[in-house]
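All chains are identified by letter, namely A, B, C, D, E and F, in their written order; residue positions are counted from 1 within each chain.
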Amino acid sequence: MFLRIDKLQAELPAPKRRDPNAAAALQELLGGKYGEMSTLGNYMFQSFNFRSKDKLRPFYNLVASITAEELGHVELVSNGVAMLNNGPDNDGDSVDGGDISGAPFEDMKDIRLAAAFLSGGGGSAPVNSNGASWNNDFVTSTGNVVVDLLHNFHLECGARLHKLRVYETMTDPTGREVCGYLLVRGSVHAHAYALALKQITGVAIEKFLPTPNINLDKIPECQKYLNEGSHRRLYTFSPNDYKEMSGIWGNGEMALPGDPPGELVVVDGAPEGGKIHQLTGVPSAFTPDYAPQEMFEIASKLYKKSR
Amino acid sequence: MFLRIDKLQAELPAPKRRDPNAAAALQELLGGKYGEMSTLGNYMFQSFNFRSKDKLRPFYNLVASITAEELGHVELVSNGVAMLNNGPDNDGDSVDGGDISGAPFEDMKDIRLAAAFLSGGGGSAPVNSNGASWNNDFVTSTGNVVVDLLHNFHLECGARLHKLRVYETMTDPTGREVCGYLLVRGSVHAHAYALALKQITGVAIEKFLPTPNINLDKIPECQKYLNEGSHRRLYTFSPNDYKEMSGIWGNGEMALPGDPPGELVVVDGAPEGGKIHQLTGVPSAFTPDYAPQEMFEIASKLYKKSR
Amino acid sequence: MFLRIDKLQAELPAPKRRDPNAAAALQELLGGKYGEMSTLGNYMFQSFNFRSKDKLRPFYNLVASITAEELGHVELVSNGVAMLNNGPDNDGDSVDGGDISGAPFEDMKDIRLAAAFLSGGGGSAPVNSNGASWNNDFVTSTGNVVVDLLHNFHLECGARLHKLRVYETMTDPTGREVCGYLLVRGSVHAHAYALALKQITGVAIEKFLPTPNINLDKIPECQKYLNEGSHRRLYTFSPNDYKEMSGIWGNGEMALPGDPPGELVVVDGAPEGGKIHQLTGVPSAFTPDYAPQEMFEIASKLYKKSR
Amino acid sequence: MFLRIDKLQAELPAPKRRDPNAAAALQELLGGKYGEMSTLGNYMFQSFNFRSKDKLRPFYNLVASITAEELGHVELVSNGVAMLNNGPDNDGDSVDGGDISGAPFEDMKDIRLAAAFLSGGGGSAPVNSNGASWNNDFVTSTGNVVVDLLHNFHLECGARLHKLRVYETMTDPTGREVCGYLLVRGSVHAHAYALALKQITGVAIEKFLPTPNINLDKIPECQKYLNEGSHRRLYTFSPNDYKEMSGIWGNGEMALPGDPPGELVVVDGAPEGGKIHQLTGVPSAFTPDYAPQEMFEIASKLYKKSR
Amino acid sequence: MFLRIDKLQAELPAPKRRDPNAAAALQELLGGKYGEMSTLGNYMFQSFNFRSKDKLRPFYNLVASITAEELGHVELVSNGVAMLNNGPDNDGDSVDGGDISGAPFEDMKDIRLAAAFLSGGGGSAPVNSNGASWNNDFVTSTGNVVVDLLHNFHLECGARLHKLRVYETMTDPTGREVCGYLLVRGSVHAHAYALALKQITGVAIEKFLPTPNINLDKIPECQKYLNEGSHRRLYTFSPNDYKEMSGIWGNGEMALPGDPPGELVVVDGAPEGGKIHQLTGVPSAFTPDYAPQEMFEIASKLYKKSR
Amino acid sequence: MFLRIDKLQAELPAPKRRDPNAAAALQELLGGKYGEMSTLGNYMFQSFNFRSKDKLRPFYNLVASITAEELGHVELVSNGVAMLNNGPDNDGDSVDGGDISGAPFEDMKDIRLAAAFLSGGGGSAPVNSNGASWNNDFVTSTGNVVVDLLHNFHLECGARLHKLRVYETMTDPTGREVCGYLLVRGSVHAHAYALALKQITGVAIEKFLPTPNINLDKIPECQKYLNEGSHRRLYTFSPNDYKEMSGIWGNGEMALPGDPPGELVVVDGAPEGGKIHQLTGVPSAFTPDYAPQEMFEIASKLYKKSR
């Protein structure tokens, strides 16, 4: 079972401007082969299909709890995409779409992924930066523990490369922060799968890291997370379960050489997280509707009744 | 953010026998257009992309919290698929795959979805009962609240039809229980979206229910859940958030006519749930590995260190 | 614009028994690369995109009117699929699905394309015999007249091969009649595109026919259509348009050597056609609904009002 | 069976300029999830697969005849796409492609959907505004009448939203007219499915309309059609069949509140329609060919022979 | 550039019987995510896209020459699939398809992948064991050498698992030999990528092998190849190029512990290989045609002229 | 079996500038329906699946040897794509990616196919100019010789049209040379399949050529190849096999009328070919890595050991 908390895993700055092509680039980290839907999909189905869960508890717990974190990554990238499509935070929702006869969204026919506006109204979707859909081709869940873990290690290294390249295209603080946060957390996951594989095979595969061979100290947006030790923490993302992965993450293992030093530690529960930004409605684009005033009033009454 | 609990939303009986074609049929409820990946994918992206979340809090909360429940449905169906592929619960994991030169899995070339064994080792995957992948085509997230909610209402009615038909092909108690549980919970979601739409439009669309026009009292596997009032409950699936959906689900609204009577109620947190069955490894199929004994011992040591 | 007539292009015999795998084989002729959705899709988009329609009227008319015939082919194969899934004609619709708790459709989990029942309720869908979807990959519409016509000629020859092979798997009269009729009409289309190409290039490409090199007199189900001269007729499938394709089909051209001799002729309008069989509802499968009696009564009243 | 008439359902103005990105945006209404290929595909397969057609005649007729109208919608959007790719009407076809060595189509490598030129020569294709293909995922044909009709109602509401957004990106009169016409006719279909559902369920679901909540009087291009009463008419699109849908559309039902008042009426046959614009060949792009003069002369001779 | 030799890389025994479902299972090794089309596609595009080829010559050569070997693997599996579909070798081609009116291929509607017969006439296709197509989703070509090599190492380990499972379903000697040969050669490739990674990272990743943890001595069909030392050889598959990969494969490196001992060695050119079996035509299935006698005679005359 | 030679089939000039959208257009000739992956895929699987190879040797040899040439075409287009993405040749590889915090690739979010950079690092991939994947839908391998050859003839004519259109968008010499070379070689293949069909059917189908109806003398980049007689040569692309296709290509047949005159001739082996350009690494884009200096040194040592 899963629970939800109405926060993001990290605090995102508001966008400085509307940039649909930056949002489209960020989609690579959502629906691409090495995006968050893929890390989620792989670990989720692997955890469901995990054999001999009891006998392999520390390994199962690792995959199971990282699944929960990946859900939050999908959420974070999705919020980044929608924020970049919608532009700076804005307190005042419009109450009417007004006259729409003058082609108010003419510029939307030239954005790279026009369907993001025409169909999605500026929201995110499980597609890559070219608009190709995420699908089962990106899921490896063989039931063989070594093959699955090795796949996951490769997946995290590939994902790191993709995050770095997307980061290099981003000028807006929202998109850059998404990448910076994910780079730190993705490194944790690569490290964790390496340690799990080392336990089983005896091979010090964590020495591959970092792949690509750039330290996180080169990415300004990562520093805050490194300073607070995020790179040394695996959260259980659970009220009470999954703690036994500390046999793998912990157990005397230390941070990677290029990162701030210290011991690896499993942390109960979730990080504090950051607020979910309001995506201001654009009534002329029919979000949340053309004339939302009445809907707002209905919601306000229902809200009061519920308290 | 999301948390995970190491239980299923419902207690499943163990399968009586291995039945890969039943597992393949159950895949329709996982990766089909009207399967749980679709309900999850739609509500998840809609909740990420929801405009004016604050002003439309009860509606946003409804979609956001049902998303968390759908994660558990994906988990439940996946477990059902893997259990049907693996057969009765079995305490003793084999420790060696033995001699594999005699075509021990000859029968697997004739099962309907051979890749479920050849690639998935008997696990579930985000595909439908014909092996076609789940993808973005099944996601509607327009940013328009009425269109999205109407889509969701139609989706739940269609999903109910698919659950009924899959149920009608199942003889094994595991698959039947999965269907029975999902029929009750899916009815709750259809009802909830109907009530949300009624608040906005004034149309008593909940009178469509049940669609198809069969009452749940015809399904023996549903009775336990009806008796405990599951059909009247929406869980927040959250430690502290989403309670304000009680403005929609609650607020004097009552159970549907054909179901046991009573008031609708929002319940904090998650249901008690049921245990996750052990999927016994099959070393001759390389799950969790061909000779897992050493891996079990490593895991056992790590487990002890972690306590 | 298009009009519709509530008849099939040919009279189909009722199936002798329910045969979902035969229906699944017939799907190759509906949604496969060389199926009727492909002939429809190619000619429809080519006719929409045709350049210099006025100057190339006979060629445009040929493609445009065959498009209309292909619509009827899609309809014919679809009816064949649904009929084979549903079995013999049956006057009496059931009025109630009864007790469904005993796995009444257990056998449906073993049919080749289980989604045809689970999702489609026994209906046809634009997929091939393996369940893979028809899509834009099968459409060639280049705007170059010679390339498009050559594509079409190849498509009809390939389609003929597929029809022959599907025919060879069919024992039921419904499926065999579908194939027999389509073989005759497909030959007409191959012949027509050959003649169009001959006009432009001077190459006697119709001498390729028949491809594969089997005469229609080997197929008992074709004889009725050959006897009535169907192989020499192109219908305009229009109240008043497209007649000028007689410059290509006609104009002294004769039937192919292996077929009954005679001149090619353009016929105004459509063939007489055959009746659409009733697909009896199966309330236990929720078609048209679990308890359709009330729906039948409503429809009956509405019908009376409409007369 | 289907017949074809060599006219469009509406008279389109010629484009003012060539605008491939506008054509690409319009593709959303052709091959997108909520585009005309989808309305066509859904109603076509539902009508083929309809159970108990005789007993449910008014409902069957409704779906069957709207199918025929949707064919014309696919044609209309396709013509719009091709016209926008080709630019203003032009009487004189060029007779030679001339010197092509100077990269005459350099600008085509920068248009959003380059394959529309490179492969399609400026024609339409069954893809959405991002170039993703239409496919079976967009077809719901369950055989359950209520589920199918509810799906259709949701589909038309979603389609209306997409038409509105595409309209808002269009500056050219051709694209705007396509949207304006389809908005009126799509509203008719939403209304019709609502009335069908109301007959079966008793729920006044037509009160959802218009969804999104903007009246058609806000769209200048719709006024002509509203003035002539198009919003109150369902055409049978048939020489003689489908009239009994007047039990649903008619029977005292009235136009929607925001539209010009009046009674709903079934009209025999098809609307008068508008002319199909000539898509001028571009020999340098090999449409209809590099040196089409001889082809024009051949066609001219064949045309004369055919009269 | 590539050259072709009219032999297979290994000598395959003729099938004992026709077994379309075994052929369908073998398809997993052709068009599945971990099949030979994937190893080919990955290494081919990586070799095309390889940066700094001159400076990284030993690494480039490794990927480039293995690409050529993978082409032969695709050929080998394809031949295996077609042979299993066609049955025992047969000297005498039929010269006529005879009377086909008696549903001679009725059994083909029940095989798992009916399109393999209906469309492919019993040939192989780039699809997996469920009929899903190979595509770009399976290609990783990032331009980053470590990520690409790590991907390849994971790919070969995953491919080994799939080969083992397919092997376990095969009773026919043809399919078993295909698996046996590929298991040996795939192990070579996994070993080679491990050694390449070890050179760059210093991590002894070859100690992962074998993954899954079963030695090849458990597979009878592998012994012949092990005995001749195939597991220690990398062929350049080139007249003159790629020899410098001996810096990686060779250079004192030895066979893996579980395999027959000895030094690794680069061998110029290709192995001797085995004959391509004749796929006997089945005229009743229109292969090579319905009445191929004349075609045989034409070919015979052309052959004589060519000598 | 296949061998590889470390050269391209033609000498390509270096690009004058980096042009990702030109690279994206060129992708149509790689992964599009009428691209080189399709010609390769069709002929490769047809040659694997060819029935009665011995009896139909000249025809089999033709398809088998052209397969090998198509591999080189895929390589040539891929190199062209990667070169256009990477820009002019550059001797000096950078040794460090430096400071990447300033969004050094901001412009990459606006290129048409952003994933070509974000995921592919500027390499080619089996997708078309819209980013849609190549797949099995593009492969026709029916086992019927006439249908397959006719398909191939149509495919080469369609491919010629696509090459011409892509050529018309190219200003850079690299892309233009790729098109020029492929136009000549594609014409050879169209001619060869026409002659094969003529032998079997007696129809002079080569008179269709050239299709589209433009002679190669209109394309400056083709002249060099015409002058050296490339249009009259079919290479065996084999050390010793496939020579007997001279019964079809040769045997007194002459060059097409619009091309320089002369007899057709089969040439043993491969053309001389041209050099593979170095794709300079871009360490800031992590190709071949962020800090490749050490990797270069390792490779240099391994290279020396191997000599």
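Methods note: a contact is a pair of C-beta atoms (placed from the backbone, for glycine too) under 8 Å apart; a residue touches a chain by one contact, two chains touch by 3 or more.
Being a predicted model, the structure only gives us computed values, none of them experimental.
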TODO: Could you run down the chains that neighbour chain A and chain C together?
DONE: B, D, E, F
Task: Homomeric contact chain C-chain F: same or different residue positions, threshold half - done: same
- [ ] Write down the chain pair with more C-beta contact pairs when C-E is set against A-B.
- [x] A-B
Task: Separation of mean Cα positions, chain F and chain A [Å, integer] - done: 39
Open item on the list: Roughly how far is chain B from chain F, centre to centre by C-alpha average, rounded to an integer in Å?
Closed with: 48
Open item on the list: By the touch rule stated above, which residues of chain F touch at least two different other chains?
Closed with: 33, 112, 119, 121, 127, 131-133, 135, 137, 142, 144, 146, 161, 212-213, 285-286, 289
- [ ] With chains as vertices and touches as edges, which is it: line, ring, star, complete or other?
- [x] other
Task: Set of all touching chain pairs, with the criterion as stated earlier - done: A-B, A-D, A-E, A-F, B-C, B-D, B-E, C-D, C-E, C-F, D-F, E-F
Task: Of chain A, residues touching chain D in the complex - done: 97, 99-101, 103-110, 112-115, 117-119, 121, 127, 131-133, 284-286, 289-291
TODO: Spell out the part of chain D that touches chain B in their complex, as residue ranges.
DONE: 33, 135, 137-138, 140, 142, 144, 146-147, 150-151, 153-154, 157-158, 161, 197, 201-205, 207-208, 211-213
Open item on the list: Taking the touch rule as given, give the residues of chain B at its contact with chain A in the complex, in rising order.
Closed with: 1-9, 31, 41, 44-45, 48-59, 64-65, 67-68, 71-72, 74-75, 78-79, 82, 93, 119-127, 133-137, 139, 141-146, 199-200, 237-248, 250-251, 269-271, 273, 276, 278-282, 285-289, 292, 295-296, 298-307
Open item on the list: Please output the residues of chain A touching chain F within their complex, sorted ascending.
Closed with: 21-22, 24-25, 28, 32-34, 112, 128-132, 161-162, 164-171, 212-214, 218-220
